[in-house]
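Written below as structure tokens is the structure these notes are about.
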Amino acid sequence: MTGYVLRRLGAAVLVLWAAFTVSFAVLYLLPSDPVSIMLDGANPGGTVDPEQVAELSARYGFDRPPLEQYVVLLGRALTGDLGVSVTSGAPVSQLLADAFPQTLALTSFALGIALLLGGAIAAVSSWSRSTRLRGALLALPPLGVSMPTFWIGLLLLQLFSFRLPLFPAVGNQGFGSLVLPAVTLAIPLSAVIAQVLARSMRTAWDAPYVETALAKGASRGRVQWRHVTRNAALPALTLLGIAVGNLLAGAVVVETVFSRAGFGGLVEKAVRAQDIPVVQGVVVVGALVFVVVNLVVDLAYPALDPRIARTPATA
Amino acid sequence: MTVVSQAPTAVAAPSVVLARPVPGRRRRHPLATPGVLASFAVVLVVLGWALVPGLFTAADPLVGVPADKLSAPSAEHWFGTDNLGRDLYARTVHGTSLSLQAALLALGLGLVVGALVGLVAGYLGGAVDAVLMRTTDVLLAIPGLLLSLAVVTALGFGTLKVAIAVGVAEVATFARVMRSEVLRVRTTTYVEAAVLAGARRPAVLARHVLPNAAAPILVLATVQLGVIVLAVSSLSFLGFGAVPPTPEWGSLVAEGRNYLSVAWWFTTLPGLVIAALVLAANRLGRLLEGRAHR
Amino acid sequence: MSAPTTPVLQVRDLVVEYEVHRSSSERVQAVRGVSFDVHAGEAVALVGESGSGKSTTAHAVVGLLPGGGRVVGGSVRLHGGELVGLGAKAWQQVRGARIGLVPQDPGIALNPVTRIGDQVAEVLRIHGRVRRAAAAQQAVEILRSVGLSDPEARARQYPHELSGGMRQRVLIGIALALEPALVIADEPTSALDVTVQRRVLDLLDDLTSRTGSAVLFITHDLAVAADRADRVVVMKDGEIVEQGLTAQVLGAPRHPYTRSLLAAAPQLSVRERVADPAPPVGETPLLDVLSVSKAFRLPGGRTVQAVDDVSVSIPRGGAFGLVGESGSGKSTVARLVLQLTSPDSGTVLLDGAPVSDAAGRAVLRRRSQLVHQNPFASLDPRFTVAKIIDEPLRSHRVGSRSQRRDRVDELLEQVALGAAYATRRPGELSGGQRQRVAIARALALEPDLLVLDEPTSALDVSVQAQILALLDRLRRERDLTYLFISHDLAVVRQVADRVGVLHDGRLVEVGPTADVFDDPHDPYTAELVGAIPGHRADVFTDTLERSTR
């Protein structure tokens, strides 16, 4: 078991390192001049002062060979130093740390809503014998995945902030301000969860062990709860990492729509200003979240699925 | 002689096979459902908008009549007008071409590069496979939109760059599916039978592996088209796409943000077009998927 | 047979329909007017090929028709009480308590993420009366009663930790836990090896006679029905063609379909086979396998010796049957012979020349062919039949395009399909037709050696008989040599002149077919031969032979 944990942990660290490398390659090595991008972003339309260029190049190390830049940046990143924002001059790690709580609240609330909503749609549609109810429920997920997130947000704003002034339109004040953004973020994810879960639940209902359970005299409700749900949820669990990653990405759009402070707002401004260190920091944190969620799923999986737990491979 | 020779003669074999309808097989033509017809209609209309926008609207997408600003949808202005009095329907129609070009470019990039990577990895196997697949693992670990944002940061703004950014984020998805398809087909019994029949590797690849792996990839492409349209319009909404006043679907919605309380149509109707196209693409994708699995 | 007043199960004019498609109103009748009885203490076998409606009938009896299926006519009575039209709640009280079901494939019929003990206890808990702790205790007793060693430990294990035979014992325990009046056994052993099959069926016999439950057996295997059933009901295309006492139906079948089914059943049809004339002594064997061994590495570092020092020699024109249960290494031997995998030690000689080097392999590819087990997987679904059969010709650049086309037509004639099939695709063909196409492809290069890896195990018995007859004819006409691999001893007995028995990778017995079957020396071979179902049928077959003449 220890070997399994260590291997998973090692793989996670490797992915994180590779994500850092990829973001370095994209941001620093693409055929563009980072210095002029940054200068242009910080001071659009301004004249380029050669002295300023040289000074900036030296500060960020662009005058050195790429490999050396990479090693220096990686070394700093390992100590938690992700560089300094070009626009504000604040340390990137500080900016990320300030933004994180807001986004964490938003995304975890959204994840909760999505799991409940998606799980309920899947469970009821697979349990019900009414073809009409089933059809109506299963028509929802395709709608959910087809709507642009920003559009859902604007629709909700229109309906529940302007028509019916139930929730504040913008800002980070209190729980009320969290509801609309979280619902916006949850709708596409709940649709994905419902689709995946409904499919695997349908597969589970067709499994012979369900027939065995029914032949014992079990009711459909009992079969759904005791046999189908657990078997269907296990494969869906592995998608959680991607789902949470997409929540983080969705937050970029949603926080912009609702003018909320947070991770999304930070990266949106950074991209606009082409603030390379901040963008890289956000990308690495995005990968970190994915890696951590997957690590948790991987480590929890053997406890949930006996077939994995007791195979000799992990002994 | 044994009883075996008394079995029905072999020539009679085909006729004794049960030819009754099998439960679960579709009878009605799968293209005739209302959902599929509507999806086809949406796709056709959008394609028409992209190719010959002038045929669908006579109004100017760039110049408005200030007196008509923020007027609600009417027979004259189907989608209403914006804050400068421009016809929103005309802007949506004229924005289609650019939005669709970006989506198709991104799809092409993801499809071609991804399929090549997946093919090479799946076919060569070994160290090449390991390196390529670990790389796609990493690309998948970075949320797609964040990866696109990083590429936009490096390349700068504009529709073309947004398309490339979205396409890059799609490569890993296509690579993974292509590789698993190649591996699946390579280990099928019929490929083993071809090897035993004396077929050489290039013949096996060209005659068996590619044709059988291609169908799922094309299905994936239709499904991903919806995802890509959403990603492109998100980046456009955030303001990284075309420069105003050029209309583009995502930026059209963004322009209406400040008029939410007074002009519901401003954001709602262009957004509805995006949702309709994505819904239609997904529906057709599922149709293809169902047919591919038959 | 006595005639009790009320049968345990009384099925009258049962009609079951399926929706052709969810959205259309078109329906197809899978069962049409089926009537039969099962009396107390009796075992009745419902026999038929796939698509006969036997399984649908059984599922209608227990009220578990798959989605889209429903009973539209007739009645099903349990001890006189009508079951058709029962509500969900009432059904729940019938299932498990009054009707037990032993499902088809024990590999997948238990919930993979729930402990064995909990799954047995569930049936006790559902039907009330016991508390959790008492149910767990009782579950252990049930596991003991179905012959599982250390039942306390088994109760805490998960299904994947048990063998197929053990799982089927668990499922029998569940079905009989509440001593139901009727047990439905739906092909209970078709997924199990023959020796396991026999022990499981013995257990079922033993337990049902103890609880006094009547048994409704669903099987495609006439031999199993002959051994285990008091009465037999033969179904075809949703209708009953014949029913009666086992001895009557199998001994003096009245319906032509029953007769053809009996003739096709390998266990029942062949009692004596004239061995082929012995090959001339001293001639080089066509295939010589010289003490080959092969080990595989399992995940986790352990290795398993799949093939252990196996030697086989087949003279030109011979048919060697290689028999073994699953995991015995028989398929690995086939792959070693064809150089699809290379042996750790030992050599394979074709006509005296080794096949391991490049030249030898080229000769091997030309002169030997494989017919795969599953004709649904061995044909590229995108190819036409002509293109499939043409592939070896094309790869070896045999003849011009038109010559190859003629050759394809000729091959199609040889496997009794006809040139009209050339433009079809595999998806349009039945299993038997596909296997004919696969055989035509194997014959395309006029090979000397055909390796047949379970070529009929995916087919219905009557189709199997046709394919075996075809193989027999082809061997005689074309002087082919067969290495025939099968788990089915009865099939091997029919086609092979010599037999080798493989057990855990070792060849435990080799000899002329008649000797091995009639006088096995190795204890494992004896067990294997003894487990072949259909012994009781010996009595009937004499009458059959007479009746078919």
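Order as written gives the chain letters A, B and C; numbering starts at 1 within each chain.
To be clear about the criterion, contacts are C-beta pairs under 8 Å (C-beta built on N, C-alpha and C of every residue); 3 or more make two chains touch, one makes a residue touch a chain.
In this text the structure is predicted, and so the values were computed from the model without any measurement.
The chain with its CA mean position farthest from that of subunit B is C.
With A-C and A-B as the two chain pairs, more C-beta contacts join A-B. If you average the Cα atoms of subunit B and of subunit C, the two centres end up 44 Å apart.
Averaged Cα coordinates give subunit A a centre that lies 49 Å from the centre of subunit C. Centroids of subunit A and subunit B (each the mean of its C-alpha atoms) stand 22 Å apart. Touching subunit B in their complex are the following residues of subunit A: 14-15, 18-19, 21-23, 26-27, 30, 32, 34, 37, 142-143, 145-151, 154-155, 157-158, 162, 169, 242, 245-246, 248-250, 252-253, 256-257, 267-268, 270-272, 274-276, 279-280, 282-283, 286-287, 290-291.
Residues 22, 62, 64, 66, 88-89, 91-97, 99-101, 103-105, 108-114, 119, 122-123, 126-127, 158, 160-161, 171, 174-175, 298-300, 302 of subunit C touch subunit A in their complex. Residues of subunit A touching subunit C in their complex: 131, 206-209, 211-220, 222, 226-227, 230-231, 234, 304-307, 310-313, 315. Taken in their complex, subunit C has these residues touching subunit B: 18-21, 23-24, 26, 28, 30, 51, 68-69, 237, 260, 263-264, 269-270, 273, 338, 340, 365-366, 369-370, 372, 374, 377-382, 391-392, 395-396, 415-418, 430, 432-433, 436, 438, 441, 444-445, 462-463, 465-466, 468-470, 472, 494, 545, 548. Across the complex, subunit B meets subunit A through its residues 134-135, 137-147, 149-156, 226, 230, 233-234, 237-240, 250, 253-254, 256-257, 260-261, 264, 267-268, 271-272, 274-276, 278-279, 282-283, 286.
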